[in-house]
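Chain IDs A, B, C and D follow the sequence of writing; residue 1 opens each chain.
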Amino acid sequence: MINSVKTIGIIGGDKRQLYLADSFIKDGYKVILGGFDSLKSVGEIAISDVKSALSYGDIIIFPLPSVRSDGSVNAPFSQGNIYISDDELELIKSKPIFTSFREKFIRAYPKLKSSPVFDYSSREDFAILNAVPTAEGAVQYAMSAYEGTIKGSNSLVTGFGRIGKVLSKMLKALGSNVTVSARSFEDLAYINALGYKAENTEELKSIRGYNLVFNTVPAMIFDENLLKNTDRDTLIIDLASLPGGVDFEAARALRIDAQRALSLPGRCAPKTAAEIIKSTVLSIIKEVNW
Amino acid sequence: MINSVKTIGIIGGDKRQLYLADSFIKDGYKVILGGFDSLKSVGEIAISDVKSALSYGDIIIFPLPSVRSDGSVNAPFSQGNIYISDDELELIKSKPIFTSFREKFIRAYPKLKSSPVFDYSSREDFAILNAVPTAEGAVQYAMSAYEGTIKGSNSLVTGFGRIGKVLSKMLKALGSNVTVSARSFEDLAYINALGYKAENTEELKSIRGYNLVFNTVPAMIFDENLLKNTDRDTLIIDLASLPGGVDFEAARALRIDAQRALSLPGRCAPKTAAEIIKSTVLSIIKEVNW
Amino acid sequence: MINSVKTIGIIGGDKRQLYLADSFIKDGYKVILGGFDSLKSVGEIAISDVKSALSYGDIIIFPLPSVRSDGSVNAPFSQGNIYISDDELELIKSKPIFTSFREKFIRAYPKLKSSPVFDYSSREDFAILNAVPTAEGAVQYAMSAYEGTIKGSNSLVTGFGRIGKVLSKMLKALGSNVTVSARSFEDLAYINALGYKAENTEELKSIRGYNLVFNTVPAMIFDENLLKNTDRDTLIIDLASLPGGVDFEAARALRIDAQRALSLPGRCAPKTAAEIIKSTVLSIIKEVNW
Amino acid sequence: MINSVKTIGIIGGDKRQLYLADSFIKDGYKVILGGFDSLKSVGEIAISDVKSALSYGDIIIFPLPSVRSDGSVNAPFSQGNIYISDDELELIKSKPIFTSFREKFIRAYPKLKSSPVFDYSSREDFAILNAVPTAEGAVQYAMSAYEGTIKGSNSLVTGFGRIGKVLSKMLKALGSNVTVSARSFEDLAYINALGYKAENTEELKSIRGYNLVFNTVPAMIFDENLLKNTDRDTLIIDLASLPGGVDFEAARALRIDAQRALSLPGRCAPKTAAEIIKSTVLSIIKEVNW
């Protein structure tokens, strides 16, 4: 299929979609941007309108997230709300459409139910690649909030999933003494084999001697009880998706500095986040092999 | 259970079991060694006989592998063949017994079928921890066989399983330009996220520009066809368990240096291999929680 | 001497001196702080006044920098200006006094000319240890200003002195493709041996293909001419002490993002900066061997 | 000058000089080899005789070392002894000649005293670049002699010169807990800044808890006294040039495993060693700028 794609319609989104447009243009594609009407121009990228983008694009890419709760396209650079009209849906219903959170998107635009609508955000490779900007964002966050250097610090990463794997590598590379906690014997063996100290997440009864704690487990790990047994000058950064893994109220009461850090790829590294959307879209196209 | 273990019977095996004995002794256990009669003494470790080891041990540990094809215990440091007699089996039939390749062991000693016989060699954590001495052995092998330095070399690791993960990290740490091949999009995403170049194993049509190739995939990857499209001065090291992943005959005919490197933990790092047996046995004891 | 030091007088300074006080207290010293009158309290550290600190301290530590151009002590946490009176000078004239930029300090307080006034800031080990918080500050700066990830970026570090050595290691550890420029054959050989790409600083005629450039050379490297041959989307961070190595006016005219990042240890990692002051003071005491 | 060099005469030497020939040929030079008469052929490299090499070479390269104590060329691949005759000296006396240990070479061939004879072996960049194959050789040596893995080992590197710098980096990258000893405050600060534990070489009174010790200091560090306070299962590898830094006799008496490892670049990585000779020769040519 990829050979027949010449023009790409990009609808809505933030800086990431602008970098995405830029990157496709550098590869020789034509890109039509819709939903950026509050921008006059973006370097050499022409800004058009939603209808043109939908009508001339061989494939259509929606942002992350694709739609808001009212069904309008997530388009922070647009002054008005953007709803795709029935006429416009007609234009794209047989084109490959790339969205995030497909189910919500289809709920907003049920006419596309039988269309080739792909969800790049649900793919495992998308999530893995995003672990890099997430981990860098977490490191930047820690560098900014912690008054010592990462080098020489004692850090704990809870969880050895995608983010845990990349983040612990990064912290160690910067010279931190890294402990990683996990639950399975397999993960604990990998943690050991890759050179970190290992702790069993389920046996964490106190957090002593750590300057920095990064939680990646989407479950209540740092409850009031554990926080009561945590050094007061430990900085806790919660990277787990909502509702997260830290009882922030208890932390406040105990005067422990605990902070949430979410959506790091888009906020800290939109250019890289764009490359990841691009490579995931291209992987889907390659796999589908239209 | 672990608290009730005071004496450990170790039957047969090579240097690893001697280091294993040594390590348990340093932790305060009493160890009785059987099946080492060709050794006079081993430092401060007393050498006894099989019957004493079986009779006084609270737990019994057999080596890796545990039995030979004739049913005798794998005991290279014993002059004769060691078969456990029925009387001896009676002594241990209700004791925790730690073996490798349990099925083969039970086939040799069916009377132990209902005994608590554990297989440390089949555990995932055992395999993961052994990836470290295996990867170091592979690096040592490459350092010795390759006439350049690892630093600055171009290397390819096929497969991103246990050994692939640890080996690629090690090669990169030494300054090699590492490419890793895998098949799943997930693995390819991890390879990318962890900073290696990624190749799809299934799309390997030629091997050009690599000084070193490490195969970890237990399937015929380097067949005659691929070898014909491989640079002649590439060194290929096959780490995959038998039958391996390289057509050695074709390699010889094409004058490509391809070598098999097996059983590296026991051969290159028996002390570490012993620690891994020990920690796996302790994990089993902890899990079983007698 | 160190054994006879029981009480330490700390006069003026910012957060670093508070962390310094804290660290000495944890080691069992008594610390008297003077020049922090705008703070009510600092955790468990008692805040006293300048005269008490000078009179009870066995050694006296001044901040970095120690004095302002008007001769007053650099004391941002004091509401008024602090001048050491002749009576106060009399109190300390035979005590070991630790300052930064000794010459300027003596010019402000010539009565101490023959006193044992040591300059921790001029020591080579002080400068080397500060390369770590400086480099981390630079990385944090780059992470925040650059819209991609450090991982996968192309970076250039000009100069292979203290900061260049530590910064290039850090960038590479984070997965950047690092080029380092230097002038001597020796440095270029080390750059190569340590695994970076090497460029001769004197032969830099254009800066192409770099996302990030860190200048550590205190000489005009990035003059108008070189900037004219620099990619427009390159981010230049100048770490060299004033006047720095970048023609910022030319950069602005050419729409290249060039920024100065100075005093990073104190700003980004005051806790670590304090430890470095402490260890340098202790090294001096050890060397002098009173 | 380099542009006028078309043909290179290589006289004597071991595998390194063959790789050197190969590398120059790949760059498009013509190479004439003399002093390899016991080889029939070496891949596609033609083997000629000393006289041809001297007469047709635009520059002449002698091996490392260049001459033996009897004045003959160091030529292990030649069956007879090679002395350059007066006629032959006449042929090369105005050509650039690249040797190692120039003084000894000139003593053997005083007629070349006023010729442009350069010593690549005495250059600092040559020594620095050779630290890489030396350090890799040391690691290979340790992997082979030590029965544990480098990962998880405790290692001590004495000295933070060229080899110490590269070796400690390599050991740490492989997961060893690395301590480095040095004498100057500057070096100790760098050791700390680069993330190793630091010890003062002069204060080494005992060696406890180390699996591996690498001496790089060319002075008697490990004398009988220190060895008496060294754990008996520590492996000591002496990398310092002769007479080295270990009292081997005392070590033997104390049953400590101490070994000398010398000339590692040529023995472990002749291909890389050749590249280093080549790049040093090219640097000289560039500097001299004929």
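For the reader, a short list of remarks on this structure follows.
To be clear about the criterion, contacts are C-beta pairs under 8 Å (C-beta built on N, C-alpha and C of every residue); 3 or more make two chains touch, one makes a residue touch a chain.
Predicted model only: the values in this text are computed from it and were never measured.
Ranked by how far their CA centres sit from the centre of chain A, the chains are topped by D. By number of C-beta pairs in contact, B-D leads over the other of A-D and B-D. Chain A and chain B have Cα centroids lying 39 Å from one another. One finds 50 Å separating the Cα centroids of chain A and chain D.
With each centre defined as the average position of its C-alpha atoms, the distance from chain B to chain D rounds to 36 Å.
Shared interface positions of chain C, i.e. residues touching 2 or more other chains, are given as 132, 151, 175. Looking at the complex, you find that chain A touches chain D at residues 151, 175, 195. Against chain B, the residues of chain A that register as touching in their complex are 123-126, 128-129, 131-132, 162, 165-166, 169, 185-186, 188-190, 192-194, 283, 287. Residue ranges on chain D touching chain B, taken from their complex, read 15, 19, 132-133, 136-137, 139-140, 143-144, 146-152, 170, 173-175, 268-272, 275.
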